[in-house]
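Letters A, B, C and D mark the chains in the order given here, with residues in each chain numbered from 1 onward.
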Amino acid sequence: MIRVQREDFDVGAELDRLAAGRGSVGGLCAFVGLVRDMSEQRAISVIELEHYPSMTERALERIETQARARWPLDASVVIHRFGRLEPGDRIVLVGTASAHRHAAFEACEFIVDWLKTKAPFWKREHTDAGTRWVEARASDTAALAHWEQGEAAGHDPSNSTRGARKKAAE
Amino acid sequence: MIRVQREDFDVGAELDRLAAGRGSVGGLCAFVGLVRDMSEQRAISVIELEHYPSMTERALERIETQARARWPLDASVVIHRFGRLEPGDRIVLVGTASAHRHAAFEACEFIVDWLKTKAPFWKREHTDAGTRWVEARASDTAALAHWEQGEAAGHDPSNSTRGARKKAAE
Amino acid sequence: MKIVCFAWLREKAGVSEDTVSPPDTVNDVRGLVEWLRAKDPGYADAFEDLSLVRIAVNQEYATLDARLAPGDEIAFFPPVTGG
Amino acid sequence: MKIVCFAWLREKAGVSEDTVSPPDTVNDVRGLVEWLRAKDPGYADAFEDLSLVRIAVNQEYATLDARLAPGDEIAFFPPVTGG
């Protein structure tokens, strides 16, 4: 389930909804992104999140579909806010439900990594030193690349984080 | 923060508490474990969770301390219930807060993997075919072993999941 | 064709939405970018460093080589910073 | 010494908490297990396959080789299944 909205959301209620009526769900994983209070030593008073409406929902739906093809999820939710937000405010929720906890964790982090590098949102920060558009971070692109390498290795869900971690340790 | 209790907990409120007053927190990761409705093709009516009270809190505190030494966490919470639970009920909450989302994800999954193999709780399932003590799964022990391999590689937080995944892909 | 711009690209171009009718020789994104640059100093400023520009055609990520057809919606924006 | 047992080990041993005073020759967990086995058929049943038995001494995981002192609390239980 995808939502792009100006309003806040209720994390507990959204997670309850993921599991409701699905008795096979053994675990939920959730990520909540928040507005931080500092940016490069400056206090943030407010941020604005601009987005590309007609592309956003389509993009989020695609990534949710990919995650559900790649991991055995019973349900998932992605909610991303736009507009004016203050430090401490929730920006994004990604939730995944699965019989298998590791699938829930991996799929959730995959979606978050994807959002950070592909979802058409842009942050502008207001501080006492003025406003600036936040610059994309190379580390976010690198994070997503790891999942794509995993994909190139054959779309085998077991051949992902945990499998790779094991191989590297051997 | 550690709690071992018979009562349910409020996931949204607990996550809010993790971030409250900590403006540097950019992301929260949470895992919620639920009672499933089936076990080996039998419908579960209720489960009982027995624990070893004097050891449990000590053990949970230790793992939380380890996670916080290993990853840059601003806050964390582990709540584990005991007693009589029904399908769909929450069993456990693990929540982590960090400026770095990957640290939040890794620390959360580390704590969950650890709980599954080390925290002194035992589940007894009641089904229409009688009651049985749930048997430990080898896959849970294997999951924890991966973190210990990472630890043997030198306690370097960057040398964990993502680093290993990258190495394996190279 | 419809052009849409976001974030600092929108500010530099001075354009949020624009409807343009380039000549038939403009048949890919690269051609469109060059045509816009020549036409308008705002676009020229926005497209000064193309390594900072991300492109979507009809709401899908695309490259400078993507072919264009009348009625397409072409979006220009900086690397995204949501999440 | 205090003995505590959990889950099916508690049921087989028929003991949840037990206070015992083994002879001085019992100075490690292995010795205690053998002594309990000989003393009581419930413990003998619980300890039939030691590969299924986990041990804690004073609320810390321990092995059969762990040394014991008077006043210790020794726990026996199956592999854990919480979480």
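We take it that a contact is a pair of C-beta atoms (placed from the backbone, for glycine too) under 8 Å apart; a residue touches a chain by one contact, two chains touch by 3 or more.
In this text, all values refer to a predicted model and were calculated from it rather than measured experimentally.
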- [ ] Could you tell me which chain lies farthest from chain B when each chain's centre is the average position of its Cα atoms?
- [x] C
Open item on the list: What's the distance between the Cα centroids of chain B and chain D, rounded to whole Å?
Closed with: 27
Task: Distance from the mean Cα position of chain C to that of chain B, given in whole angstrom - done: 47
TODO: Express in whole angstrom the distance between the two chain centres, defined as the mean CA positions of chain A and chain B.
DONE: 20
Task: Touching two or more other chains - residue numbers and ranges from chain A - done: 33, 112
Task: Pairs of chains found to touch, sorted by chain label - done: A-B, A-C, B-D
Open item on the list: Per the contact definition, I'd like the list of chain A residues that touch chain B in the complex.
Closed with: 10-13, 15, 19-20, 23-34, 36-38, 87-88, 99, 101-102, 104-105, 108-109, 112, 143, 146, 149-150, 153, 160-169
Open item on the list: So in the complex, the part of chain A that touches chain C is made up of which residues?
Closed with: 33, 49-52, 54-55, 58-59, 80, 91-92, 112, 115-124, 133-136, 140
Open item on the list: Considering only the defined contacts, which chain D positions touch chain B in the complex?
Closed with: 4, 6-8, 56, 59-61, 73, 75, 77-83
